[in-house]
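Listed next: structures, encoded as structure tokens.
You will see chain A twice below: alongside chain B first, and alongside chain C after that.
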Partner chain A sequence: MSGDRGPYDLGIDVGAISIKLLLLRDTTPAANKVVNTSMEPGKLSELSMKELLKEEGLERKDIGYVVATGQGRRSLEFADLARTDITTFARGAHFLDPDVDVVVDIGGHGIRVMRMGEMGIISDFRTNDKCSIGTGCFMDTMAHALEVDIDDVGERSLHSKLAEHVNASCTIFAESEVVSLIAKGKRTDDILAGLHQMVARRIVALVNSTQSKGKVMVCGGVARNEGVVRELGKTMNREMVVPEMPHMVGALGAALMAPRPRERKLLMKEEERKGEIEVKRTTFLDRLLRWRS
Partner chain B sequence: MITAGVDLGSTYVKAVVIKDGRRVGYGVAPTGHDHDLSSKKVLHDALSMAGLKMSEIDHIVSTGYGRRVTTLADDNISEISANARGVQWLGSELNVRTIIDIGGQDTKVISLDDDLQMINFAMNDKCAAGTGRFLEVLARVLEVPLDEMGPVSLRSKDPVDITTTCLVFAKSEVANLIFQGYSNEDIIMGIHKAVARRLVAMAKKVGVRDVVFFDGGPARNVGMVHAMEKELGRKMYVPEMPQIVTATGAAVLAAEVLLKKGK
Partner chain C sequence: MEEGPRYLKDREGYFSEEQRERTKKRSKEMEAQTSSVLKKQRNRAKAMSYFDEVHKYGGARYLELKEFHEKGGKIVGTLCVMVPLELINAAGAESVRMCSGYYEPVHPANELLGDAGLCPMVKSTLGSKMVSSNPLVDLIDLVAGPATCDGKMKLAEILEDWVPVVMMNIPRVKVGDTSSRLWVKELIYLKNRLEDLTGRRITKSAIRKEIRKWNEANQYWMELLEIRKSEKTPISGRDAMLVVQATQLDRIDRWNRKMKELLEELRVMQKKGVRAGEEGASRILLAGSPMMYPNFKIPTIIEESGGTIVTDELCTGFRLMADPVIMDGMSKKELYEAMAERYFFPCTCPCFSPNDERLRRMKESIRVYGIEGVVFHTLRGCHLNNLEATKIELALREMKIPMVKIESEYDEGDIEQVRTRVEAFVEMIKARREFRLMKGGTAP
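And then the complex of A and B:
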């Protein structure tokens, strides 16, 4: 447990649909990786980490801290720290753009809206993980019903000239609605555009519920869908930014939560004091960080 | 006097023929894409069971979510009213005060007064959780025929806890439970419990009094009934053919329309 920790930090965001890994050197992203999740996210994350290290010609000892986030963060036994997705998304978003007032994460299984306070500390948040409407899971289900590859969904919808109005409150019912629209001979591009409008309406309503008028950052996997982003831009009515890799914001925030060198020295002293006793690193690190803030 | 009720649900179409105050025939078929066609088919089935001809029917009332689509009917009525009327007719001596009707894509709770008149109701048609669709989709994930869900679940000793609300998430959760090696019976009873939790929460908002009448297709599922009774903490009355209560109500209303006209 002694010796220097490597200069890299790794953030792993274990989401419902995919696992995102981001390698940070100091505070500069060095490499990243996305894999579809499996039934055993812990094993898959470890394997993906090894692959990423190999690709970069690095070894495990080059990594200072592995910080896990996302709904499956607890399944990563090899991680040094675990942080909630709310915290990491806020941290990542604030790092990318300190002027952002509201952060929306449209994830695989949930939509989270965070209101940023001073210095990037969250002042308020709301999250919906009870309902799948508007999430990545919703888009996946619709893409499947329309037999369109999920990566093409955004681009296809941009070809639409007249969006087909879809208004379902439930993913399962929306699926039936889409199937009947297909049966009626409606164009796939138009149905997709209608679905994106529907998602945008819901997101904007959520953002407006924060009472903020400030700048919005949209992140999470669904923000990669240019159709959704376009509709959001039309309806948001305020300044909106989408980072280059919106799905990586959580992993970025996680990697940024690794203790910086000065804090590390403190930690190492603590570890030496503990001597032979094996302590769960996460617990006392958690305590230390909470105490610091 | 011969009348018919046709209930065009989201998943199944049901028809009932009533002759001189007795149910003489019924038919049930999947809704399919063509409501008109499927409603004609089930009415035909109901008529052949009764040994009657189409031309002999005096009045047809349609109900259910596709009630305005069919060209068969002389009148249409909401499924809430038709269901309440069906319960009044079938269970006039049962002291029913609460009806829980679980459909393919929605759920209704109806509260009746002492004269069996409807005083309040609640409906969920916005979310698939707590509807028949929840059972249908998860049965497919489990690769268990829908009709076997009930009997299989009754063997469960330690039902799982389904933690997600959304059916889409529940699909992943169930797939994960299968992967983790949980038995079908424990997963299925867990599913029934999840549906029961939602239904009972909704029923309690409307108010649960006296005899609870449980109908709709999923009420045929013995595991569902068991989970509901446990969650409610009381016995329910489940009719012999819970699927055709609403169609029965529509047929009864058709007869009443004729009686009012003085025929």
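And then the complex of A and C:
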């Protein structure tokens, strides 16, 4: 334990749509929280941090380091460190499964594909350019056009028997394509399934551009959409894993970036746990769903 | 131009006075903003203030050129790094690089051409001329435009509606004799047009005199590059770009003098261990599409995110002064051949094929400058750089040098997106460095 720093590390992922907080004791997740982003992410994060601490019966001094990530990482004045989401998602993914070669983060406004090198250090990454297709905000727009609650989108698409083909390569055009499909009387479930197929194709294309054939981990908020994950599993043509709480991977990575003494950081997770006592063990992050195509 | 304007038939009153004034005002503001960011850099050499002034919108250099022009002097605009400035100076004319880095003039060009994914630098250059947003551009009597990429070639053609243009035929297949023979002929064509413009014969001795001046400039640039190789480089990548781009606007003998002062100051800084950029900054090579001042968006982001650009391979940076003219003989033929060699073969513009020299030079730079990562910038619509990026990335991957490709436009809308990517790239480089050190390796 370093100096008089508290034993917990807090990772805060200030995303475009939501803020994710994850409390880590050493390398064990202790608690987490998700709130929707407001106009003042800095203040909201601080408030959420206090709430989280209260829920857990902890105090501010119990937190050793606060590490911020995500698009709003620089708006957090109380953070000790700020790291980009690209770095933290890779770090978190490597922690969950060191065998992963490519990490895909499908977030609210951006898609990032990271290729892993040695020790969870990225060797290469790509992002979507200005285009928002396939992101959380794109799915929101489509759900709105189809008048479906965003939480039901994944579920409903699974009921589709024959997906409608959606071609568009732009959010605006996709929306008008969806509207015209509705006008033709197509079933909502089929349109959703078609959208998921299109999103999956786009993401797989980005993954393929890394020229890697290794295991893929899909994370970020959109990975909670079962429909997208299922289509990705069909199209990916390689081993794919999805963590139980895909949206938390960035906050997890951020918390892991806390500048604890070097030797600690490099220990593997299993060795780490030896001699660990009295830590409230939660397994909410450890489960991985596996897909194989 | 007998048949009159082809792209804008009725020029009078096409652009409103309000639009002209707005474009001017925003251009001026952009330059002032960029300049103030540059001036705020940590540990900046004092001698840099001269180069700031050369680039200043409506600054001392503009006033000097204006006076020169009013007295009957001729000013030649250049559209490419391949135009031999020695020849222009030997004709008694002054040269001004026309390629524009201002964002606002893109809009008037969009009105004429439509926003068809064209290169923003081409659009900005055209827009500046169309609405006279840059007073310097209005002084230009003749434009020398080599037909390199599609954008530049058509830009030169469109500009003919406004100002006389010497279109130079560049042999884009860079092999053997035929290509260089064609280029020598094009230089002689340019010489004839310059003589027509100034009414002065371009003599051998005048060319030789100019070549000596420009070769001196090349030597000073090499000295600056040498200084940048050191672990604690005392000059930022942006400042180095500003300095070398000043050759395209300034009188070269004066530039040489000022450069000598700068080099002296930098050497003193180097001895004291004063560095530009932050401690432990990652050493970046900047490559890709041109970046004219004040379009310093990408380099500014890099140097604000914990990177230092220690060298580049841009035609608005390293390549401007990277090679001397080697005079093999005294005959007129040999002089033109020497100039053709200098301006044609070492040019590693992606409009050429084969263009393996580019990769060779990049690999060499990576080695001698201790480069840890390459930022490959492409302007939207710069197809040639976009196409070459893949080849370069794969070659760099073999050398274990990471590369990030960033596409950008002439606006500030994508600054934060680009910043995230560059920051992640720098974080990645630093993590790799740490890992290497931990394994007992050494930093480059």
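Points worth noting:
Just so it is clear, the second predicted complex is superposed on the first by the 256 of 293 C-alpha atoms of A that agree within 3 Å, B and C clash if a C-alpha of one lies under 4 Å from a C-alpha of the other, contacts with A are read in each partner's own complex, and residues count from 1 in each chain.
Keep in mind that, in the parts below, a contact is a pair of C-beta atoms (placed from the backbone, for glycine too) under 8 Å apart; a residue touches a chain by one contact, two chains touch by 3 or more.
Owing to the predicted nature of the structure, the values given are computational and were not obtained by experimental measurement.
When both complexes are overlaid on chain A, chain B and chain C end up clashing with each other.
Of the two partner chains placed by superposition, A:S212 touches none, neither chain B nor chain C. Contacts of A:A183 after superposition on the shared chain: chain B is touched, whereas chain C is not. In the superposed pair of complexes, A:S75 makes contact with neither chain B nor chain C. Of the two partner chains placed by the overlay, neither chain B nor chain C lies in contact with A:T235.
Contact with chain B, but none with chain C, is seen for A:F138 once the two complexes are overlaid on the shared chain. When both complexes are overlaid on chain A, the residue A:S169 reaches chain B alone and has no touch with chain C. In the superposition on chain A, contact of A:S18 is made with neither chain B nor chain C.
When the two complexes are overlaid on their common chain A, residue A:F125 makes contact with chain C while staying clear of chain B.
Of the candidate stretches 42-50, 78-86 or 114-122 in chain C, only 114-122 runs into chain B once the two complexes are overlaid on chain A.
Residues 129-130 of chain A are contacted both by chain B in one complex and by chain C in the other.
Those residues of chain B lying in contact with chain A across their complex are 33, 105, 126-128, 133, 137, 164-169, 172, 175-176, 179.
Interface residues of chain C, counted against chain A in their complex, comprise 397, 402, 404, 407, 414, 416-417, 420-421, 423-425, 427-428, 431-432, 435, 438.
For chain A in complex with chain C, the touching residues are 71, 83-87, 110, 117-119, 121-125, 127, 129-130, 262, 266.
Chain A meets chain B in the complex at residues 16, 39, 109, 129-132, 137-138, 141, 169-173, 176, 180, 183.
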